[in-house]
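Per-chain numbering from 1; labels A, B, C and D assigned in written order.
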Amino acid sequence: MEKIRLREIYKTALISRALDERIWMLNRQGRAAIAASGQGHEISQLGCVEALDSSRDHFLIYYRQFTLMLALGTTPEEQLRNFLAKEGDIMSGARQFPLHGSHPRVDLFSFSNVVATQLPQAVGVALADKMNDKDSVTIVFFGDGAASQGDCHEAMNFASIHDLPVIFFCENNGYAISVPLEKQMNVDNISSRSSAYNIPGIQVDGTDFFSIYETTKEAVDRAKKGLGPTIIESKVERLLPHTTDDDHTKYRSASDIEHMIERDPIPIFENQLIDLGVINKKDIELMKKEVISIVNISTDKVEKEAFPSLDNMLLHSDLN
Amino acid sequence: MEKIRLREIYKTALISRALDERIWMLNRQGRAAIAASGQGHEISQLGCVEALDSSRDHFLIYYRQFTLMLALGTTPEEQLRNFLAKEGDIMSGARQFPLHGSHPRVDLFSFSNVVATQLPQAVGVALADKMNDKDSVTIVFFGDGAASQGDCHEAMNFASIHDLPVIFFCENNGYAISVPLEKQMNVDNISSRSSAYNIPGIQVDGTDFFSIYETTKEAVDRAKKGLGPTIIESKVERLLPHTTDDDHTKYRSASDIEHMIERDPIPIFENQLIDLGVINKKDIELMKKEVISIVNISTDKVEKEAFPSLDNMLLHSDLN
Amino acid sequence: MSVISVIEAVRKTIFMEMKRDKKIFILGEDVASRGGVFLATDGLLEEFGDQRVIDTPLAESSICGVAIGAAVNGMRPIAEIQFADFVWPAINQIVGEASKIRYGTFGKKKCPITIRIPYGGGVRGGLYHSQSIEVLFAHTPGLKVIAPATPYDAAGLLRSSIRNDDPVVFLEHKKTYRLVKGEVPDNDYSIPLGKAEVKKVGNDITVITYGLMLHYVLQAAEECKHFGINVEVLDLRCLRPIDSETIVQSVNKTGRALIVQEDTRAISVSSEVAAIIAEDCFFDLDAPIKRLTPIEIPPMPFSPIQEAEYMPSKIKIVKSIRELLEI
Amino acid sequence: MSVISVIEAVRKTIFMEMKRDKKIFILGEDVASRGGVFLATDGLLEEFGDQRVIDTPLAESSICGVAIGAAVNGMRPIAEIQFADFVWPAINQIVGEASKIRYGTFGKKKCPITIRIPYGGGVRGGLYHSQSIEVLFAHTPGLKVIAPATPYDAAGLLRSSIRNDDPVVFLEHKKTYRLVKGEVPDNDYSIPLGKAEVKKVGNDITVITYGLMLHYVLQAAEECKHFGINVEVLDLRCLRPIDSETIVQSVNKTGRALIVQEDTRAISVSSEVAAIIAEDCFFDLDAPIKRLTPIEIPPMPFSPIQEAEYMPSKIKIVKSIRELLEI
């Protein structure tokens, strides 16, 4: 990968982290109603997106994919508008929880808050492409929690029968809110589902940008060759509580939290890039400053914006 | 196994077959509304039941388990009453489709027609036993079709997490009505689900009484030792169309049907017993005659019985 | 113009629509070589191939979920749920998801799916092949719910449903499938969604109904002539939206209303129709608004005599009409 | 007697019941160490251990299916659905299965489960954390559906629900959880299921409601005194069965009825209440039966101002009452 591209990606990671922190703070100040943070999942999302083509592929995402949305071209202002429920929110017109809805520029769809419903929907998206001989790939994201839902099983089974070009990408952070993996399943890896459907299941370290990228790339190739779906399980950490409403010290041990912090993917990526000579300490400092200023300017702007008017509440409903 | 016991089991197989044929005929004559036949599944059900204890264990069954009901002690008259919707039907009081409801003497539960709902329910039955330190085993039966439902996944996953004493027994006859296995899944065996849940998955020839018996016995032992669930997949044939409403020549090839008939489990069992010296040709002839007379007498009796009265329609409802 | 049954009207309409628009495809259990358990899709596999007539695994949530995904990506799927009683696993996808896609994406995505569901009883189906399942769908903003009673309406409304850009739950009464026959034009006429129809004009009382019950009501109306009662019969046809205008107009004229339905009473279509009348026809009402429905037990016993007792019948309808008119 | 919130009343009642009866256990998402996302089960893990307070996988169908199986095998499970909006995957087990077990086995099996479901809006939940989901449950024979509005009713009705031998859907309004406080006796009193309650006596009009809306209606009734209107306020408390006797008695007295509900209007609890009144109070009614409900859009926007506009409010209730009385 080109150095200049890696720098851009690194910058997206920084923006994502800073913006995510800002939104969490806005919530603490009572200015944003709720936030689910993507902190800890950033590098996994960036590595994955890099292997896809936003002008061709379909992205069915879920609420923890703040970074992915930025990587696909959503701007910081748009993200803020989304959390602050301001007029012109690109995802849902301030109707839905932040991060939900669909995107006007990319085929990025995060339709509902109901965990796992996107999985069969993604299979349908891929089926339509196959029927129309399109060579797009559909990637659908979900958490470890979602893997327990019946819909997850039905989706993987259906996709495999028809060899559909779909990638099941699980961001396994070890928790569904407070429920740890061992209470969710009696296997260590979600990728071990693969033999139930006769599709490859690959587990990968979600803090390693390059592994994620390579793994996703292979799955994309498989899909495009008509070889069918792939399950990718990316092991990541959820650095913050489930949402701003949660307090994870209630259910996570001190040592668990300590271990998790060591796996913060941004410093790991940073060190990789330093080793590769892509960035140095000084670059980092400058970029971090720039990022803070982007976040500040965006926040100031969006905070001044209006809320949507009452009558647009009727738009796109049965009453309109 | 004792010879005398094997003779009894063989006789149950004969009764089951003759009664099943009779009910099909009653339907053709317009005297029974609908019938799902168990023909082809008989020996699998008999081998399985033999490894369980009807006074201790729980049976969550589905509509294709005519033989199993007889093996557990339902009488031919009771079965006929069930199909003819007569007063005193033991399963549901003539409220439900034949074979549905629950049993007054055995913990045999075939609650609804909705495919796969019994799977999580069985897990709950087993969970209650575990909570109460009972050493019962819960066995739940389902078809290959049911294995596609989300509930199947959720049930197996839950049971495995808690190491519950439950046996998931799939009677795989290769069809969900008209849909052949290859359109239902992209694997050859439902038992290959096992690695997704970290529980044993065993495939067995459903025409071989002794294999079924041994396999079930092992699963029972595992369950009783607290080692958790087992998936058993019994490969059987559905010798008749899905129900009396169906015509399988529309979707099964002539060679498929021919192959299926060769796998009729009753002649196979018969030959095994002859080889073992349990029965001889003459026994068989005599027993077949006896069976026909049992079926005739029962049919005559039940056909003369009354239908349930109108007011018992309110019993056990919100209105009562 | 030819005289055909409801099931033929459905099949023919799907056939014609699939010929017209390549974006339409069918998915469901046993829809391909079996042609559907009621034969609603018979012959379609042969005509359109297995890419457009897809036998799915036995898993209703994915049938609807996959249909939604395909619809959002430009297709116009027709999903078949084999029996209404088995639609419950798919509620999450239909009510939770499909209904809110247009609203929840601020109009950026649409979800043109038609979900065909054979429902209703009187066919010896027992508790699990007889249910009326319209309530939740007809309650849910974002869905359209259609329940035709005649071949003409079935074809015309199915065509509109398939062409509609929102998710449509299309309810076909199983007992009407072969029982009810009628004239259906050979062209591709359509009937707008959301319009009730007066199926018989009268002055003394309005009987409002839908589905199989329409036929019993029409028979009852005929019989009421002997008692000098001139019944107006209104077929809702669409359960969401409910055509309150046509209801109010009719009841304001007759001054009396009876609602007949096969579904159980509490919180049902009959409740809404009564509520509409109670609000909008109050000053023209000459009598209480009555409802004729089954009793509150799970629908409906397998026992033939109990099943018959459970359902509203011509006799019971005549009796209710006469009571309301005190004749 | 102590003054506690709705959520405390729920928690305390579960605690007391679990102490009393070893057959009661809890299962759901995050109910154990997290104590439930609303803390309804806080501290129960510590008291009763992880055999009786079970964190489940994220899979609502199995939460309810497993509860059903355990109940049929002698236990008395309390299942928690984390938010009402996520109950749809479990509809098949609740509506399709649990509701019909006693009837469908001719009384041989029973299914004593209590399914607790936080529902309703006004908490900035957007389309997927605000829904009112009572309609389908309250329509279904074989289920009981409870929707208390006060801590006293919550505790008394939850206790009866847990002890009831049929499946009970117990709806807790999220916004009342911490907002509404009241006196709750320390003993184990219970309130019979199926009884509405007049929460304020009056003569001029009956306002019928349930859940969060009760509190807005009571405030509106207070304000109406300034206009010389004496409002009777009736809290349904149970949505299945609906206590038609109490409704009819009240409306026959006042001659006017307004139904206020947070759920959307078409085919809802308000429809049934209106239909009951239209049938049984016809000769005592002085005005049309009115309903105050949100408009027919998916409930309810995340936007704070739109959310506020969506919900019935004290001001809107007062306005509707005055319109109905032409004062």
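The rule is simple: a residue touches a chain if its C-beta (ideal position, glycine included) is under 8 Å from a C-beta of that chain, and two chains touch if they have at least 3 such contacts.
Note that the structure is predicted; figures quoted are calculated from it, not measured.
Asker: Minimal path length between subunit B and subunit D through chains that touch?
Answerer: 1
Asker: Which chains sit in contact with both members of the pair subunit A and subunit C?
Answerer: B, D
Asker: Hey, how far is the Cα centre of subunit B from the one of subunit C, in Å?
Answerer: For subunit B versus subunit C, the centre distance works out to 36 Å.
Asker: Roughly how far is subunit C from subunit D, going centre to centre by Cα mean, in whole Å?
Answerer: 30
Asker: Averaging over Cα atoms per chain, report the distance between subunit A and subunit B in Å.
Answerer: 46
Asker: Which subunit B residues sit where two or more other chains touch them?
Answerer: Each of 92, 95-96, 100, 112, 114, 148-151, 154, 157, 161, 183-185, 317-318 in subunit B touches at least two other chains.
Asker: Mind pulling the subunit D residues that touch 2 or more other chains?
Answerer: In subunit D, residues 56-57, 59, 61-62, 85, 88-89, 92, 96, 100, 103-104, 127, 141-142, 241, 296-298 touch at least two other chains, as defined above.
Asker: So what shape is it, when you link every pair of chains that touch: line, ring, star, complete or other?
Answerer: If you draw each chain as a dot and join those that touch, every dot ends up joined to every other.
Asker: Within their complex, state which residues of subunit C touch subunit D.
Answerer: Contact set of subunit C toward subunit D: 61, 85, 88-89, 91-92, 95-96, 99-100, 103-104, 127, 135-136, 138-139, 141-142, 239-242, 264, 266-272, 274-275, 277-280, 282-283, 285, 287-291, 296-299.
Asker: Taking the complex as given, what residues does subunit B use to touch subunit C?
Answerer: 33-34, 85, 92, 94-98, 100, 112-116, 145-146, 148-151, 176-179, 183-185, 245-246, 250-251, 307-308, 310, 313-314, 317-319
Asker: Within their complex, state which residues of subunit A touch subunit C.
Answerer: Against subunit C, subunit A makes touches at 58, 60, 89, 91-93, 95-96, 100-104, 109, 111-112, 114, 117, 119-129, 131-132, 150-151, 154-155, 157-158, 161, 315-318.
Asker: In the complex, go through subunit C and note every residue touching subunit A.
Answerer: Checking each residue of subunit C against subunit A gives 25, 51-52, 56-57, 59, 61-62, 64-75, 77, 89, 92-93, 96-97, 100-109, 141-142, 241.
Asker: Quick one: in the complex, what on subunit B touches subunit A?
Answerer: Touch residues, subunit B against subunit A: 148-154, 157, 160-161, 163, 182-187, 192-193, 195-199.
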